[in-house]
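By written order: A, B, C, D and E. Residues from 1 in each chain.
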Amino acid sequence: MSVVLSERIRTLLLGSLGVGIFLGLWEVVGRLRLLGLSWPPLTEVLALLGTPARWSLFARALAASLEALTVGYLIGLISGIIAAALAHLTPSLKLGLDRTSAVIHAIPSIALAPLFILFLGRNATPAALAALSVFFVSYVATSSGLGSVPRPLQDLVHVLGGTRLTQFVRLDLPAALPVLASGMRLAAPAALIGVIVGEWFGAPRGLGVLVINAMQNFQIPLLWSAVLLAVLVSLTLFGLLGLLQHYVARRFR
Amino acid sequence: MRISTLAPHSSRSSDTATAPSIRVSEVTKQFQLDDGREIQALRDMSLELGQSEFVALLGPSGCGKSTILRLVASLESPTSGVVEVNGRPPAELARQHRLGVAFQDHALLPWLDVAANVALPYKVAGLPVDVKRVSELIRLVGLAGFERARPKQLSGGMRQRVAIARALILAPDVLLLDEPFGALDAVTRRQMNIELQRIWSEQRITTLLVTHAVDEALFLADRIIVLSGRPGRVIRTLEVPFARPRHADIMRSEAFHRLCDELTDALETPVEETL
Amino acid sequence: MRISTLAPHSSRSSDTATAPSIRVSEVTKQFQLDDGREIQALRDMSLELGQSEFVALLGPSGCGKSTILRLVASLESPTSGVVEVNGRPPAELARQHRLGVAFQDHALLPWLDVAANVALPYKVAGLPVDVKRVSELIRLVGLAGFERARPKQLSGGMRQRVAIARALILAPDVLLLDEPFGALDAVTRRQMNIELQRIWSEQRITTLLVTHAVDEALFLADRIIVLSGRPGRVIRTLEVPFARPRHADIMRSEAFHRLCDELTDALETPVEETL
Amino acid sequence: QSAAKVRVQIGWIPNVQYAGEWISLERDLFAKHGVSVEWYPGGPNALPAPVVLAAGKADLGYSTWFPLLDAVAKGNDLVMIGAVFPKNPLGIISLAKKPILKPRDLAGAKVLAQGPNEKTAIDATLSLAGLPVQWTQVPAGFSPEPLLAGEGDGYTAFGVNQTITLEQMGLKWGKDFHFVSFDDLGFRTYGAVLMTTRAYLDRNRPAVVGYLRGIIQGWQENEKDPAIAAHLAAEKYGADFGLDLKQQIRQNELQIPLTRYDEQGKLRLALDREIMSGPMYAAARATGRTNLPDVDKLADFTIVSEAHQSL
Amino acid sequence: MSELQPMATKGIRGKAVGKLLTSLQSLWGVLAIVLLWELWVNLSQLNTIVMPRPLDVVSDIASAPGVYFASTAQTLLLAVVGLILGMIIGTALAILTWLSRILAGLLTPLGLIFASVPVVALIPVLARIFGYDIRTVLAIVVIISFFPAFVFTTAGLRAPPPGSDDLFRALGAPTLRRLWLLAIPAAVPEWAVALRLAAANSILAAMVAEFLMGTSGLGHLFHAARADLDMSRALGASAIATVISVMSFLAASRFEKKVRQHWS
């Protein structure tokens, strides 16, 4: 009991120490201007974030990015899963869908973003780019998950007289969940990148809008505040989806 | 609770007239390896099981025992020759959910608990789950109290017992058992043998059992077929002389030990393996 | 090629005077489960192995046999009590590369071929690989021709044999075998028993063997210890009366069968498991 | 009578650079002239107005002058109808110890320049001045730090933007640092060029005129108090862009003189045929653009005057 | 064998047809995208400054191979060097944390935090630190490649095959030999996953970085072409990046598959 506990405390302490050292270094580098004006002390960034007059700005940016993130994430996730299921159930389509998703993923977002702005609109572009990233990750994860059912289990359902659909519902799908869950986790930062790049190309508001304009206008604390918020969003999602991943892995493996 | 209280599966009673027999006739089975080489697992293999017969297969590792079971389960098709169950292609039996199997790797679904794993055949067959029968079978294999446990929380032997309960749950017409007791300690194994014996005596399911244990084969089977090394051919057939019902005591009888030694002799082949 | 041609491991000759004996004294071992409950695997367990003694452990599944081996291998430490090898903490033996183990899961490295897996202890000890000895041991366990094969290309039984060859490669002072033949068919198992018997007779390595097979224990061991169900306690000790060298024929003798039945009786416990 | 809807693509983020727009919107000046304006923000990576117009996603647009030329050269029927800045605020900042004030100062200099457009501007400026095109480009972003650190002699920047950054850092304009626009160096272009498509103009001339009236009035109002539009930009129209109010006020102060046409004896926003066909076309040729259209095909000089007439 | 035989007897023409069929099977999606693009541009009469046709892009690449080649070479070089550096640093750091429990405790949460950082969003910040040139591009690619290498290698080092850890302890393996003979080989499949992720992304990250602050390479070519409203060239640069990225992805996937086969 005590061994386990002290191990946990140790990990926690060391981890906080690590993060603390990093934050301390950030502050020192900023205070001493070791990296120039572009690297402000952490306290300066936090001070800006703590300025009530700026809260509504941050809140609107955050809300816009989160909305795009949620919409894009869900669309990408669902379409990725559907495409992977389709590929799994129709083997003749699989190779083509694999390739197509790889190609779509490989098209530089900076080339897609302007097109999306024109034809989907500047409001929808961040979500659309996020959806594309998430689509790829969830397609790949779901495909490999669906294909991960051990042969003996497939044989079992066959011998029990199960149909292709029975096998899909009772076997392939549950077996795919752990891999899908890790995919969902990896997809969160990817989706946020999609949102931010989408916002760079002319969105009316969002964290990415703040980032790119603060950069152009040399508003350093604002730039870092927006980046910090983006990191916090990403970290929170990453953490929450990590819990999901953990649960699914325990439940389905 | 004894197995006799278990109602036979509903679809069965009407089928008694057509209770199956298994026929493997002149079957050759070749496998292709990744590197293009071919392996002949079985050559001109023939064997038959009558209705309600219990046959055990003995033979050295890699001689094709599992392959025979997989052919009967329609998981493989023969390279040449015919496999029939009751005069029909074996796939039909599976499709009608009348086949019970427990293979070497127990193949439990890791995300289902013991009860759900045992109940799986009901779900696959689209039948309502007979909860009482599920818990009776779990008790029978000595796992009462573990209904909610998931496979990774069980020892190897406990997992095998779950697989056996699952094989029996639909009261199948044909039972295929591939080393079902391999992971059990001697005592549990013996007790499982006794239970299986009793279940079989009551339901007389046509059964094909693969085992490495000579005494197990002798205790359970009506007939024992000894196969040669790969490619598997029948080198010896033994009608087991013990009357049924058999009591565990026969395993200590002089006759039993003698037959054991005899079968062991028949099996003796060089240990050297070649590619 | 017989094992007699295998030169004993260099580090050994100087140590003969200090050849170890194993002492497990009043050992209790508790495990904590994830949910905080405690499991007592062993309670006040004591046993001793003299120099060059071959002891077999029999007991129902989950009674703590593997735990004893893991304590001697310094993979666990006792909750209370003492484990010593030759009067020293067991970790020292491992550190000096004088321990040979073959555990239930064969633990072959999947990226190495058979020869490299067998040669692994040399690399771990930082010794030059004795290529000749490696191929001799591979032949000895019946795997000549499979040197370049990788674990996944082997059957379960073949993998176990690789693990046994690996356990013997450094001619260790202490050999710990946990169900080393569990995945083998009866015939191969018997042949492996005979080989192990011969190797042991020549090198007289202090050996602790866990097995489920009563006949295996009788054939191989000087002394058999029967454990009760969890928490494991010694309930019976049997000095095996057969003289060495033992020939396979003794397994057919009246005395052998009788001792078999006797030990089986001693083991008999209810199959029902509880949480 | 319902107002005609006009969709306007502005050329940058909604900051005080579009002061006329914000004041007109705020005071319903557009509505007074019969148009309702829907505007879209631009930004660092946003699509330039000619592309948005070509795709039919806006009716009017602002951009710099060269994208318009390029779009017309590629067969797009765009017309230039006005320009907010008769002098483009793009130029070069230099420090007192080595000021860049004349084209000759650029020759052989090390200049911190952001991108391809800035490079082209310097090349063309040198060649227009008959100097050898010899200078060193040091890649730079939007921070004046490298200039202060001595990594370059000059730094391409907007006279109404990075100059303020330096002021905020405590440097004095004209004493510690200097700014010269490319216009003053002889490389003439308009800033914030207003354009539409010929087809739209033909069908919706009254709406275009109405828009111009609103925007002209807006810019006139802006002269009175630079803080008004700055507040509108920072707190309303550009509220999501994190603008700094003080900076916006100062930017407006600096840009107001640059939006004045009366210094040149012209009407606000009016295009000048002579300047275009003369120095501006010369500048365009100096950038390597050859396929230049007839000035009267490129620009409509009548609309701004029509708008002014009834004001 | 028997299934392959009829194929072999069909001869060369049969082979060619077969090849065509397989490539059709894998490329129909891409073909459909190109076809839709062509149709869409034609039907909606799009102007070339908005969207050129696929053929315009191809012919632009053919018309200026030198320009494309120079930019591609530059970006590819940065992507490859950055990928290698990132993988080396990530792997090395993972090994260090394996060796030291203290280091592991200190770095693991930080690693997790950084793994979740949307790195591309940091480009403006990094540009301020490293400068507006290829150093920053390189830094971006290094960081992009570093994280998967660190995260996946760390996981791989800690997941040796079941029982092997005990085996090594029983054999008395010293730490460094356990690292070399067990942990590192065991980590190779996970490492290959990191490579697959990083390989596809390195060229794309390089391109975004060049787009935002580079002075050369495909991203810059894209940027400059867009400034000149030369969409054929801009999309040409993108198409080349896409092809390279897909090829890296496929190559890395194949490598990973090979490793997995060998490692299982």
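Worth pointing out:
To be clear about the criterion, a contact is a pair of C-beta atoms (placed from the backbone, for glycine too) under 8 Å apart; a residue touches a chain by one contact, two chains touch by 3 or more.
Since this is a predicted model, take the numbers as computed values, not measurements.
Think of each touching pair as a link: the shortest run of links from subunit D to subunit E has 1 of them.
With C-E and A-E as the two chain pairs, more C-beta contacts join A-E. Mean C-alpha positions place subunit B and subunit D at a centre distance of 85 Å. Note on chain placement: the centre of subunit A and the centre of subunit E lie 18 Å apart, centres being C-alpha means. Mean C-alpha positions place subunit A and subunit B at a centre distance of 49 Å. Averaging Cα coordinates per chain places subunit A and subunit C 50 Å apart.
Taken residue by residue, subunit B touches two or more other chains at no position, since every residue touches fewer. Annotation for subunit E: residues 50, 127-128 touch two or more other chains. Within subunit A, contacts with two or more other chains are made by residues 36, 38, 110, 114, 118, 212, 214-215.
Of all residues in subunit E, only 161-164, 166-174, 177-178, 181-182, 185, 188, 262-264 touch subunit C in the complex they form. Against subunit C, the residues of subunit B that register as touching in their complex are 58-62, 142-146, 155, 157-158, 182-192, 212-214, 252, 257, 261, 264, 267-269, 271-275. Residues 10-11, 13-19, 21-22, 35-36, 38-39, 92, 95-111, 114-115, 118, 188-189, 192-193, 196-197, 207-208, 211-212, 214-215, 220, 223-224, 227, 230-231, 234-235, 237-239 of subunit A are the ones that touch subunit E when the two sit in their complex. The residues of subunit B lying in touch with subunit A in their complex are 70, 73-75, 94-99, 101, 103, 105, 107, 109-111, 120-121, 123-125, 152.
Across the interface of their complex, subunit B is touched by residues 150, 152-153, 155-162, 166, 170-171, 174-175, 177, 251-253 of subunit A.
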